[in-house]
Every structure is written in C-alpha cells, then in structure tokens.
Amino acid sequence: MDELRRFARELLLKKEVAAVIGYEQVGEARTRPVVITDPDECRRLVLNEYCLNNLVVYLNRARIKALARSKEGIRKLAVVAKPCDIRSIVALIQENQIRRENLMILSMNCHGVVRDFGCEFNGDNLAAKCISCNTQSSTYADKSFGEVREIPKFTGKLEYDLSEIEQLPPSKRMEFFREQFDKCIKCYACRAVCPLCYCQRCITDKTIPRWIESSSHSRGNFAWNIVRALHLSGRCTGCGECERACPMDIPLSLLNRKMAMKSKELFGYESGKSTDNPTLVGSYDQKDSDELFM
Amino acid sequence: MTEEKLILKEDLLRICDDVIKKGDTLLAPGKSEYVIVKDVSEIKLDPEALPTKISFKSYVFPKSEPVLYYKRSKNDVTLIDADVNGRKIVVLGAKPCDTGSIDIMKDLFNWDYRDEFFNLRAKHFIMIGMMCKTHDEYCFCTSVGCSPVSENGSDLFLIPLSDKEFALRIVTEKGREFIEPYFRFLCDADTKRTEEVLSAAKNPETAFDPDEVHEWLGRNFESPKWDGIGEVCLSCAQCAFACPVCHCFDIVDEDYSYSEGRRMKNWDGCQFGHFTLHASGHNPRDIQSKRYRQRINHKFRYYVDKFGKILCTGCGRCSRGCPVSIDIKEIVSNCKD
Amino acid sequence: MKIGVFICHCGENISRTVDCPRVAETCEKIPGVEFSIDYKYMCSDPGQKLIKDAVEIHKLDAIVVGSCSPNMHERTFRSAAVAAGINPFLVEIANLREHCSWVHEDVESATQKAIELVRMAVEKVKRDKPLSKIKVPVTKRVLVIGGGIAGIQAALDVANAGYDVVLVEKEPSIGGHMSQLSETFPTLDCSQCILTPRMVEVNQHPRIKLLTYSEVEKIEGFIGNFKATIRKKARHINEDICSGCGQCVSKCPIKKKAFSSFEEGLAYRPAVYIPFPQAVPNIPVIDESVCTYYRNGKCGMCVKACDRQAIDFDQKDTMMVADVGAVIVATGYKLYSIGKQPLGSKYKGYGEYGYGKYKDVIDGLQFERIASASGPTSGEIKRPSDGKEPKKIVFIQCVGSRDPAKGISYCSKICCMYTAKQAMLFRHKVHDGEAYVFYMDIRAGGKMYEEFVRRAIEEDHVNYIRGRVSRIYEENGKYIVKGEDTIAGVPVNIDADMVVLASAMIPHDNAPGLAQKVGIPYDKYGFYNESHPKLKPVESTTAGVFLAGACNAPRDIPESVAMASAAASKAIILFSSDSLEREPVVARVNEDLCAGCFYCRKVCPFGAVEVRDIKDMNGVVYKEVAYINQGVCQGCGTCTATCLSKSIELAGFNNEEIFAEIAAL
Amino acid sequence: MDNKEKHIENGWEPKIVAFVCNWCTYAGADLAGTSRLKYPANMKIIRVMCSGAVDPVFILKAFERGADGVLVSGCHPNDCHYNAGNFHARRRWDLFHALLDFAGIEKERLQFSWISASEGKKFADVVTKITNDIKMIGPFKGYQEMNRQFTTEFPEQEKEKLVQQCTEAEAVNG
Amino acid sequence: MNNIYLPHLAEIKQIIEESPDTRTFRLAFRDRDTADRFTFNAGQFAEYSAFGDGESTFCIASSPTNREFIECSFKVYGKVTQSLQRLNTGDTIGIRGPYGNWFPLKELKGRNLLFIAGGIGMAPVRCVIENVLDWRDDYGSLTIIYGARSVNDIIYKDKVKEWKSRSDVKTVITVDPGGETSSWDGEVGFVPAVVEKTKPSSENTSVIMCGPPVMIKFTMPVLEKIGFSGSDIYTTLENRMKCGLGKCGRCNIGNVYVCKDGPVFTYEQIRNLPQEF
C-alpha cells in the first residue's frame, strides 16, 4: 500500500500522469473511488479487500477524460485495477474506448474481495466472482502491488445457482426472471457502474424511436434487462458490479454469466482476454453454428 | 391527542391478520424493501433493523403509473381517465425516518395543482410507525429534525418494550379509527416504562445544522466542492429512487396496440443526464457536478425556501446504497466554510 | 401528412382472393389517410394517372400502393409519384399479390392480411423522409482478373474502346489454357496461331497495363470506385532490364527437378524458366523452391549468363494499388484431378481408372500437349511411359462430369467436342491407329459441332461406344479397358496402348477465396454466380463486377470470347457517363451520439466506415466517431443493427420506420 | 395435437412477424407467390435490406406488440448480397436466441432460416412450419401478461382493471 | 377524481406552414364548455399532446382576446413535434393549460412597449402584441424588432405585414446576414445590432423580449447601454418541462419552478437565479 502511494505520488510529481484513479478508505469496511491530481493526496490511496469498485468505469467518463486532455494533447491516466478489472480495460481497448499508451495500469495482486461493503473478509463473504477466480495477477499491468496470497475458500452460499435455473422448464424460468425484473426501478445503477456501458446516450434514453419503454412495469423492465444483457453479450468481463450496485438485489449477473458461457461454448470467445482478439460481435467465422437456421 | 396503550405482539399480529383477511394491503419492511405481507408469519417487527433499501414511496407514488388511457381513431381521440385504487394500505413497523416522508412530499403534490393520484393513495395510508433502536454510520435523522422516536407522520406508533410487547401510541384520529375495532386487544400502558425505553434511544450524532447548510448553499452555488463529487458520482438514480421523499417524475406515452395506449407517470431522477436535456440538444445541467449540486440544493435549500421543509429524512439510504460510496451526510456536513 | 392509398386488383390476380374495395374502404379510416381507392390495374397508364390526379386534388404528401411485389413495380409507382411532384421515397408498396392473394385461399383472412399490410405501409410512409439520389464519380479503368482468352478479349475490347485496363494474371505468362491446346474444334486451326497475336496485342496496347505473375489481394470499394490491391510476386528477374534472351534458362543447371506445368507434367523445366516459347511477357521466372541459390546461396549460373544483370535474387513481392471503376473476373477453370482426391475434398477420385498409377493414362490437356507441335513430343503422338507410338487409344468421356457420385452433377460441355477432335488428331497422325471413345451421350450443340463429330465417326472412323468404363488395369504392357457397350448390351474389353480421360472442368481451388476478396457469390462448386441466369448472364450480383468465361460455368472458346466482349461492353456502358446515380439508401452516423466503439467498422463489408476525429478548442482530439462514406456504403444496414448506442440510421429503412411497421401489425 | 386443437378451437390465430432480407428471402417469398404455393395467412413480412440489419430489439418490440412468433430470414451463408451481413446476423442470433431461451421464452417463438430467392417452396414450408409450431404452443402468455400489467403495486387488482379496460377498448375499436 | 394530467381535446382547424421547420396550428376545443372556460393571459403556455408520442410545451401564440380559437407554433425538433407535424387538419390533439404566469400587461398600461423577438421566440411576443393592439389606446408607442435567420424563416408573415402597415406601430424586421433575398426590403443584421441602430428610447418603456439565449445574451448589454434597467425587461425562460404543474422537478432552478413561477421573468429576477437555463 505504501509502495502504491509512493509510486502514485512519483507519477504525479513527475507529471507522468494527469491523475490517479484509486480507492480511499471511508469507514471501516468501505472504500470509495477517488480521483487524485495532487501528489500529496496520494496518501489517501488504499489497497485491500474492500476495493470493490471497478474503477475502469471512470476511464471513459467525460469528466475524467477532460482531466487528461490539455493543450499539448492527451496525458496518461493511472488507474488502480484489480486483475479482473483489467479485463474490462482489455475489452475497452478492443472497442477503441481507451488507448493502452494513454494508460498506466497499477494492479493489485488480488486475493479476493468481499461481496459487499460492511462485510468481514472471510470465506463466507467472498465475492461471487472471486470463487473461481484464476486471474490473481495480470500481464497487462504496468506495475503490481502487494503480495500474492491465496484466495480464501468460499464457504458461503450463493443465493441463485445458475445451473439450477438452467434446469428449470422455460415457463418457470420466465416466471423467475419476470419476478426478478419486476423489482427493477430503472435507477440504471447497473448501467452507471458498468465499464462497458459507455454510450453517450443509452438506447433506453432514446426516444425516436422509443427503443425500450422507460416505464418500469413488467414489460419495460423485461425489455431493459434483456437488452442490457444482450448488449453485454460477448463483452461483459464479469466484474459483477451491476449486481452489487442494484438496490433491488436483482441477480443481474446470472444473465451476464450465462451469456459469457454461451459465448465460450458457441464461439470459444472470452471477453477481456487479449487486446489482440477480434471482438465477438463484429467478427464472424464462416464455420459458426448453423444449427438455429432452417 | 396521543394516547398510549399496551399491546402484545401476538395480538398485533392478529390485527394484521385481520387486515389481510379484509383484503387491505399490509406493508411491512422486508429484506430489501417494504413488501406486501401475505401471511403474518412473515412479519419481523425488528426495531434493530436498518432501513430497507428503498422506502414505501412506490405505494404512494408508484414507480410507474398510468394517468390516462387514450384511443385514437381516424381523426378522433377518446380519453379514459385513470383511476386510483382506493384500497387501504396499512404500513406496519415503518421507521420514523420513513413515516414523515408522505407529509414532506404532500406539499409539492398540492401546491396550487393537486395531484389526486398522490392524495388518494396517501389518504388511504394507515401508518404504524415503530421506534428505531439502531443506527449506522449513514443515519442522520437527528440532523434534519427527525429522530428514532419521532411520531411524525405516524397514525399509530409502536414502542417495543420487549420481544413480546409494545407500547402503542394513538397519534392521529385516523389511527384511532383504525385501531378502535381492535380495542379489545389493547390494555393500559405503563407510560413510565415507555419513557424509559424512549429515553434509551440511540440517537445518531447530529452531523450538521440544516440552517447553516441552507445559508452556506446560498453562498456557494459555484464551489469547487461540487467538482470533486462530480468526478466520482456515476449518474445513476439509486439515491433518488431509494429516497423516501425524492419525487421527480417523467410523463411518457406508450401504445399497447395500434390505436390504444396510456400515458404513464414514471419516476425520474435529477442525476440522469437527459433529465433536463432539451430537444434542441441544449442541457442546462450538462455535467454531473451541476446535477449533484442541484440534488443537494433542492433538498436542503430550494425545498426549504419553497415549502419550509427539508427534503430529507436522514434515513441514509442514498449513501448506504451508493455504488461509489458517496455519503450525503459527509457532503452536507462539509457544506461549511 | 396526407397519404393516398391505392389498391390494385391486378386484373383478378389480387381481387380474386382479396376484397379490394373493402381494403380501400377500411384503409381510408387509418389516421393520416386522406384518400383511398381501388382500381383494376394501378400500373397501367390510367392507373398511374389516377394516382397523379389524386395527388393533385387531395394535395397528398405520400402514397401507398397495394399491388404486386415492389420488385415488380416499385419503380413504376415511384416514377408516377415523381411525375406528380412527390419524392420517390415517400412511396411504399404493400405486397398484396405475391405475399397475399397468390398464397392464400380464404378471402376473409387474405383481406384482413391485406389491410394490415397496407396499414404497415401507411405507418412506414408517415415516417419516411424524402431522399434524393447520390451521385458518385466513376473511375474509368477496368481491372481484368485472369489472362486467358476471356481476359485477353475483355481487356482488348475495353482498351480499344479507349479506356484503361489493368490485366492481372497469376501465371508468369498470359494465354491460359488456350495456349496449351494443339488445335481447336470444329475448325482444327492451330490454337497458338490464333491466340499469340492477341497476346502480343495485349502486351503492346498502350491502354493495357499487364501484370503477370500477380494476384489480387483484396478489392475494396464499390461500383465506379473500386480499389484493388495487387500482389506482384517476385520473379527474381528485373522485368525492366530483361530482354528475354533466355540465356539464363539455358545455363540453369537444374534440369530435372521441376515439371513444367505448361506441359502438364509431361516435361521438366529448369529452375529459371519461361513457361513456353510464345510466352507474353517473354521474361523468365526463378522458381525459389528448386533453385540452388535459395538452398545454399551458391550457384549463380544464371547471374553469370545474364549480360544485363537482370537477375535479382533479393527481389520481394510488391504490392500495388489500382483504382478501377469495374472489375471483370475471368479466372477460368482447372481440370478435375482424376486420381485420388485429397482428404476433405468435396469430390471423389477415379482410382479405378489408374490415373497417376499408369503413365499412359492421361487427361485431355496432357493429350493436347502431346498432340501439339510445340509440345514435348513436337506433335508426334507418343506414350509418356516409353515414347512409343500408341496404336490403340481409348478416350473416355464424362470422367467426373455428370457423376453426382463423384461430386459433380453438371456437364462439362466441351469434352464431347475435344474428345472427337483428339481422336481425329490421333487418327490423322497415326494412320493405322485405332481410336475408341466411350461416351454417355454426345452433346454437340453448336455451330458445325454435330458435323464435326459425325466427321470423326464417319470419315476418321473413330469407334464410338456408348457406355461406361468400369476399370482399367495393366496386363502385358497393355491397358485393359473394361467397359460395357450399352447399345449392344455386351461387355467390352479393349487392350489399349494409351487411355485419354476427358475429365470435368471445375473451378480453381482458390475460386471461393477470390470471390470473397472481390465480394461476389459462388455456387456450391465454386463457379461464380451471375446476377440473373437469363437476363444478366455476365453481371455478378455485385454492381460493377462482371464475369467472363469458364469461371462462371464450363464454357468453350467462342462462348468465353462472347462473354468477355459482353462483360467489356457492360463496363464500357458504365463508363459512358462521368458519374453514376445511386439509390440513397445509405447509412448515416449521428456524430453527437456515436460512442466511437467502431463495431460498425468491423461489420461493414464494404469498408465504408471511416474514423473522424472530433477536436476540442485546442485542436486536441477528444473523441473519435464513425463516419460513413456515402459513396461506399451499399445500404445493407448491418451497422445499424450492430450499433449499440443506435447512432446509425439507414435512410429509407430507419429504425423509426421499422418500429412503426411493427406497431402497425 | 390436442394442444393445437385446443388453441384453434378458441378461434385463436397466431400473429407472426417475419423480418426478411430484401435480396433472398423477400424474393423467395415473391417466388412462392408466383408459384401459387399456399401457406397460412398469419405471417406478415417486414422487409429490411439485409438480415444483418435486424436489431434484436425489433423482435422484442414485435413480442410487445402481440406477436406470438417471429421469423428472421436471410440469404444462405456465402450468398449474402452484402457478402457478410448474414454471418454477422448469425452470431447475433445465436447469442440472442440463447438469451431469450435462458429468460424462458420458448424456442419456437423465435425462429431463423436461410431462404434464397429460388426457394419459394422452402419459404412456404417455413411459414407453414412456424405457424404450426406457434399454434401448437399457443398464445404468448408470458408477454401477454406483461402487456397487461403495469405496476407492481396491486398486481392482481390492477391487472383485472386493465383487462377490463382492454376489453372495453376492443369492443369500441372493433 | 380531478385528474390534473388529463388534457382537453382540440381539433386542428388549420395548419399554417410558417417556415420550412415551423408550423402553426389553429385549434378549437372539441367541447364547447371547455372553449368557454379556457381563458388565459399573454405569455402563458400549455401542454400539447400528440397521443402516442407524448406532450410538449409551447406558449399560446394567439391573443387572449380571441375566443374563437387558440394558436400555437412549434419548431420540429423532437419526438412530439415530429409527431404533431404528421397530423392533418381535422385531427385531434390534447391541450392542458393554461399554465405559468404572464406578462403584466395591466400593470404596463400607459407605458411605451418595445418588443424584441428572435426566431420562434416571436410566438409569445406575437401573443402580447396582438393583445396590446386590441387595447391599443391603453399604451404609448409600440416598437417591434424581430429577427429571423433568413427571409424564409420569418414566421407570422401575414401578421408582420399587418403590423408594418399600421402607422401606430414601429416595426423593424431583420434577417441574419446571408439570409436576405434580392427583394428583401427589411434590415440585414443580428438583433443586438439592429436594436442598437434603432435606438429605442428607454423613457417610460418596458421591453418584452423572447428569443434564443445567445440573442438575449448580446441584446442585454445594448439595452442597458440605451438605459433600460433589468426590472423593465421581461423575458421568458424555456426550460424543459413535462408536467407544467410544478411537480415533475425538471424545470426547477433555484427556488423557482419555471412552469409555475415563470415562464415570464424580469431580467433582474433572472440575474438572481442560478444560471441553469
């Protein structure tokens, strides 16, 4: 942690980066994203199991991008990212949203994070994405901090099991999802925290035509949640922020995970794996399955 | 008019059972929201629970409701007035920080033009508040003139004396009307014991003085503090939608067939970029810092000026649920020089 | 917006199953419809006048015609609209004939469907925007791919009309298969004699840029504006200096390592070689795979031999880009390999005929070389195995062709004729020789063709046996051809000295690959598809790309030449004006909302999406957005559906219009 | 078959929408017409330029507007008028279909086909098949329910009310 | 239940194409009662419904003294205006209103009035002008300065002609440089410059000014230079509105809800508001 602070401070002092996006501690079991431009403020930076946010989302914010822009051109931004968050960076590079050369990736050698703020870090409270994590460090990082430790074994229970839902008959699945989506209040927190939801104006805010009904009744909620999952198909890197941000506890990542599985199963594609890969949507293979087509 | 009685939990549940049997709606705090109780065994009545993730706002001001139906034909349009279902809603065990919310919003929905959709629903509310015996780092009811023992907004108010018994205060006439048929379940209260419990309430520390905040906001429309928040805030509306008193809405038409449709009134949030976006592309609050400034000003200054009330109950939901941990208490506390 | 609805009875074609007056009546009640009427023949002159008058009287802004398919009469009604002063894109057709009256029987449900189809069209037309045609300039230059007789003919025709031509040939010389032939049917004139002057003409034509030993890498762009990238493979000879003296060829010590493909494997060639004496250009090529220099850096005999220092071992492939307005694809064919086919091939081989196993079982092209005066035997008929003159030759037709079991069901068309020719040549050269032809049917449709075959049978006494050959095997230095005479109904065994197999014409192996580069579709065999089998036989479905010769289907020489001239004239027609008008159905990006993910760029098959920088006040790029080149865009709309932020709209089919159609269902 | 008969007995006819490409399937449908092939009248075609231009949201919209089934059809692979539009479409549909399937929408509701301009017969067959499929599984209940319900507040009562209103509206509108 | 969101139905009696992108609807209420009860003051606005696409806010452009019909003019920008544009004479739209405050014409009696309008901002100004002309004797001198992008973009061409022909109104019409035609006999130049050139007297004069923000921004200093004070200048704010009832929160700026406390403000009031419009 001290190393990170020192390193970040150096970066700012040497004006190598325009800002450092990191975490600060707010309360015992809670951190908050922080954008630091003053070298002395780097002492606020922390790295721990409560660094839940995927800070990559900030890299694409107009306000943050403006920080990096000066008369002379674009300056680098430094971002603190967990190895799994770096997958989002990879996806964003593939989608022309950020340039690797404009970025300084400060990675944390991660040993898992908690499922939500306020929880004690132990096997019971391990975040779902960490359960079968295999990216404790990333080759894309410019510099990694902290030691690699083992991720605790998950001893808790997940509320929804993907495979169980897959087993349900279609009508039950529809019932399940409708019940879940009915809770949606369309606060779009899922969209706001998603690093891959970077559209200037979201499809759901478009009125000519009205792509998705803005009302949060069943129909509008169903449309929104399906389209959200669809737009993230083959793109979602599984950071799970949408589900964490959802105030109504909708198991959003079920859909995302299912689509990630499908992408792999049908096309052998894993999002955020390599910047050299062509994106799943936007490329094709003549040998793609023709099974669906009469 | 406050009158105090004693009621056993099992009797209270009996009353609830009766409410459900009558076909009225019984709401109680659930896991993350106020839920319609179908069976009294679901009722927890835990004074130590933190506020639910969202308030019961949607039952008085639904997240989405039709205000009219229309039918188009060749040249003509026929309108059908939407109606509000006048069924009674009993809220059991509402937090003191929630009970007052309807009163706060009432002013807005009734200045000059009266929004009967809101009023009719509010009229049918029976609010059974309950003393709150907990708080966390985000609670600040005491800073905005509320408290864990506030009866404000409640028709009936419960004070948990033990696991099994409650002191029941009849706060309003509406409350009395509701409880009267069940007087047989009530017995005389030991007011001294109640007072003891009340005085042991864990008040969250006062974080700020709303008057000072009001004054500071008036002077600091342009303050660098807003920029800092604007950098971190991601422009979702979790805070607005979870808030018990945020009341902005949108009106949209949606067709459900070729010739028919309905006009919907939907929740909207001032943190959304398109909230104030003109069709021409001009946007008066184009960046997040301006939008967050509006949020704080609206709650702690404009609403106070307009309606004499703070548009905040101190429940802390917006902070607790904020995906990027923005703490309204911290921000408002910092609204000083 | 005032909309007119016009319902056509199409005589009785629509009105038989659709109650047209009722459709017209009901549709008048649709909001926005000012006027609605039905009429016997909307496309007729009185019908069109009806539309024109209605527009005038009712001040209509847009019209919907319920009639036959838009593929039939959309143009007609658009012209009628234009005549009435309405933008042609404010016309929508509801397909009441092909999609309704002709396919349904129940009047009630067909009428209901017709009403709904019209309603959808009305809702779409309400949201249609007036559009005007896009003008794009035309580059008046043609790219001809393939330097066989078809390519040569096309190039010469275009060049003689006064336009530039780029002719690309993958082999070191142009000429194609025709240059390999001995004599041609039905006139028996020498192939080389008629072809060589044309090859020379190509080489000397000031308007033709000849690129041999070159291949097309990719073609971007669209009709009038293609950009072709061509790879010029390294010849390792400096073409500008080489005089074609052939000293290097004769000095090359590698004599027996590589077979000459021109001689169809019947002769060797050196590592540095000119494919054949009449090659154009007359410049050798060094074959890296056998040249000693490339193995150990030694030898260099050719360098010493060349007094002009034209040998350049370090020469690399070079890329060049040609801007052209039209492309003529004339890539020709290859012969089906008769022996065993490689694993995974869609064809099956004819192992039972012993091709490849027996040296004297050869294919038609090999026989051409043997019969050719310039061939390895100088035109004397000799067996490849021992150089002896064969006395008995069996010709087998339809080897591969018309044999679905082997993967080819079509007729290769030329084999009947060339087999007759080859049998005749054999009989002319070996007077005591016996020629047998196994055939399935004789297909001699063509000017003087039937007469030619009759001549072979009657004058040259070629023995025609109707039947198939089951097996060929060697016995005592003879090839026993086991077959059946199906007319006589008896088995036939012939002890032949040599067997010639007329194998099928198939597309080149890389034909699909080239099709994808050029952007044209092909059939299951790999032959390129014409746009319409009858009315557009030389156009591909991609505008500006034309087909000539055997790349489209088996063709003989006169047909290939005719097709080439036809393709050339199509290109010349295209060049007759300086710009061409295009339908304005193109996509457009809303730059304010574009998020710059460039998925559109990834999916655009035409490379129409460009990157446009949006700069701030200081000139620093703060956003990259997509920009669609209106000239390049072909209007498929794939980008619109791929765009996540819905910032692209396809004019004429924009999302609002489609939503309106859905809503009107 | 009893399912189908039950649905048909009620006088219910499915509503089916087809999004077809201009070059292959639309022309194939034209050919079905010129060949006077017969197929059920339940399907209505929306023409787009390429199967690659069909946005998945179109399909959701069609369901929202009461479609019981949707067909998307384009040129055969390698035959796309625009070279690759259908390849991109195929990927998109593979994903979208998987998503809808997971969300519990029956596979029969959304079908895909490649129909060339020369396959008039195939077009007629596909329309017949999808119409039969949908008749078999019946009206799209899941979406119909969603269409009728609009708040979570009083699901049952509000639904009743809207159903009533819808019926009234239907009566007025014919 | 008294449903404040329920509009009155009105028939489009006439559609006037003012300019390529601006239209005026002449509207009559379907219901005679409503027509009788619907009264308003100059400067008030209403919510117009295109059923199926939503509501949009425009000021009422006809004079309050006209009891036959009301008129509204709109520029085609967004979803609702596009939808309105598709309607024909005889079609039905919805109207809710009138909403908001108005220009204090009664209080201004006896004063000279200067009207400054730019583009579609002419719509509210026209309403005031017509109203004032109905009570012509109550006011002093009247000056109208109206600027449009081009000759083609001038709206209410007939009205403009009428005002020009009146001797008791001074009418100056200008188009932006480049927007003039060969037969154009009016001014060429931007509104601020034309105001400066016209030099209206500030003596006992109130200004009623509507137009695009940039016009207002540059005209203000000119007016101040001439001697007008902020409290003499009335203008309207055009924030995005949905409900028109002071509830939905969209038009909230500082302590005011533009739809209820506005849209008419004096320049002085506006100066004291947070600059969020």
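Which chain is which? They are A, B, C, D and E, in the order written, and residues in each are numbered from 1.
Simple rule for what comes next: contacts are C-beta pairs under 8 Å (C-beta built on N, C-alpha and C of every residue); 3 or more make two chains touch, one makes a residue touch a chain.
Model, not experiment: these values are computed from the prediction.
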item: Those chains which touch chain E and also touch chain A; value: B, C
item: Reaching chain E from chain D through chains that touch each other, fewest steps; value: 2
item: Most centrally placed chain, judged by C-alpha centres; value: D
item: Centroid comparison with chain C (C-alpha atoms), farthest chain; value: B
item: B-D compared against B-C, more contacting pairs; value: B-D
item: CA centroid of chain C to CA centroid of chain E, Å; value: 65
item: Where chain A and chain D are represented by their mean Cα positions, the distance between them in whole Å; value: 34
item: Interchain centroid distance [CA atoms averaged], chain B/chain E, Å; value: 39
item: Numbers and ranges of chain A residues touching at least 2 other chains; value: 183, 201, 203, 208, 210-211, 213, 215, 217, 281-283
item: Touching two or more other chains - residues of chain C; value: 31, 592, 603, 642, 655, 659, 663, 665
item: Chain D: positions in contact with at least two other chains; value: 56, 65-66, 78, 84, 88, 92, 147, 150-152
item: Chain pairs that touch, as defined at the top of this document; value: A-B, A-C, A-D, A-E, B-C, B-D, B-E, C-D, C-E
item: Chain A to chain B touching residues, read off their complex; value: 26-27, 30-35, 53, 57-58, 61-64, 67, 117, 183, 185-189, 191-193, 201, 205, 210, 213-217, 220, 241, 244-245, 247-249
item: In the complex, chain B residues that touch chain A; value: 31-33, 53-54, 58, 63-64, 137, 228, 230-232, 234-238, 240-242, 250, 252, 254, 264, 266-267, 269, 272-274, 287-289, 321, 323-327, 330
item: Residue numbers on chain E that touch chain A, as the complex places them; value: 78-79, 82
item: Chain C residues touching chain A - in the complex, by the definition given at the top; value: 592-599, 602-603, 616, 618, 620-622, 624, 642, 644-647, 655-656, 659-660
item: Of all residues in chain C, those that touch chain E in their complex; value: 1-2, 31-32, 34, 126-127
